[in-house]
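The following block contains the structure, expressed as structure tokens.
Lettered A, B, C, D, E and F in written order, each chain numbered from 1.
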Amino acid sequence: MTTTERLSLVTPTVEEGRDLAIKLARSTVKATQPDAEVRARLRPVYAEDPLALVAIAHVVAAEFATIAAANDYWR
Amino acid sequence: MTTTERLSLVTPTVEEGRDLAIKLARSTVKATQPDAEVRARLRPVYAEDPLALVAIAHVVAAEFATIAAANDYWR
Amino acid sequence: MTTTERLSLVTPTVEEGRDLAIKLARSTVKATQPDAEVRARLRPVYAEDPLALVAIAHVVAAEFATIAAANDYWR
Amino acid sequence: MTTTERLSLVTPTVEEGRDLAIKLARSTVKATQPDAEVRARLRPVYAEDPLALVAIAHVVAAEFATIAAANDYWR
Amino acid sequence: MTTTERLSLVTPTVEEGRDLAIKLARSTVKATQPDAEVRARLRPVYAEDPLALVAIAHVVAAEFATIAAANDYWR
Amino acid sequence: MTTTERLSLVTPTVEEGRDLAIKLARSTVKATQPDAEVRARLRPVYAEDPLALVAIAHVVAAEFATIAAANDYWR
């Protein structure tokens, strides 16, 4: 994942941790399929496919587990 | 996930930890598919599909693992 | 998951930890599909589908990992 | 999982940890589908399906992760 | 995975941790399917399949969790 | 998994940790489908199926996570 601004797993809030988890998951899709047009074309396919929506939620849960540990669960 | 009220992974009971895990999983589906009508239309599809029901249970198990660690397993 | 009796992740034995993992996995399916008749109708479908049986085993393994950590692996 | 002999996650060797992981994964399939005849009928289906074989390997990897942690990785 | 240069899970930045996670995931595909021509032929298939793109993101999330722990989350 | 030589999760290098993860994943497929001829017959099926290749990478990532923890991430 090659982005300019420096990434950190530390976030001030749980909500920002969730948003980062979604961002990281999407960044991998982008790294695998760099063509924005293709990704846009695929969106209506997965966004109305229950199994795809659940699979995306599973990736976000996995990324969030890492981010939550990084933030000591915002305790 | 952009909600107003502040989220915390700390819950008083295991049951509330389970409910939070379900809430977090659903919040990701909502973030991926913001259209409530589409989500409502998809409900009868996944709610009667064994593989979808099991896949949802797997996402909740992953979210719950994070929440349980955040609460030191309510020991 | 809204049940009356108080849940605990702590169990006296590994076997009870396994049973709790199965119970938690099933509770999520129940929370997603509250209609007992629908769940009963789906049973013969997943109970004779190898991929569904393996997917269920994976959810139980994920829930059990959390329960085992909660019990310090019953060491 | 209701078996008579007392289960422990502690094993003398890594190999026995692997065997226990396979045993635990199979015990969940058995708890979900108690009918031995059905399980026997399904065997040729999953045992020659690459995706099913890989999915089983994933469940065993998840169970083994728990068992390895229980044994402090046999270090 | 047999490569000449010595691998380390320690990376200076989160971004490099993400890139390493993608590299490790790809290295396993390469170890399973060493034929570069076959892999190239498969690329348009998975790169335009939402479920495959999400499944790849899930593998990267799993590899990244390990790398993040190795780097103490770059805290 | 019943092999003669004694298994250890401790490896000198990350590369050997990766190779061990692949070996463990394959050992489970072998334990589930002991018939080498059947496994050989299935190889061209999964080795050219993107979803199968990604699913295998996911199993290896899960096994590697355990091995990396066993080696304290080769830090």
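Criterion: a residue touches a chain if its C-beta (ideal position, glycine included) is under 8 Å from a C-beta of that chain, and two chains touch if they have at least 3 such contacts.
As the structure is a computational prediction, the values presented were derived from the model and not from experiment.
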#### Entry: Any chain that touches subunit E and subunit A
none
### Query
Where the CA atoms of subunit C average out and where those of subunit D average out, how many Å apart are those spots?
16
### Message
Counting only Cα atoms for the centres, state how far subunit D is from subunit E in Å.
### Response
27
### Summary
Within subunit F, the set of residues that touch 2 or more other chains is 46, 51, 55-56, 58, 62, 65, 69
### Task
Could you list the chains in ring order, beginning with subunit E and heading to subunit F next?
E, F, D, C, B, A
### Query
Which residues of subunit A touch subunit E in their complex?
1-3, 6-10, 24-25, 27-29, 31-33, 38, 42, 45-46, 49, 51-52, 55-56, 58-59, 62-63, 65-66, 69-70
### Summary
Counting only contacts in the complex, subunit E reaches subunit A at residues 13-15, 18-19, 22, 46-48, 50-51, 53-58, 60-62, 64-65, 68-69, 73-75
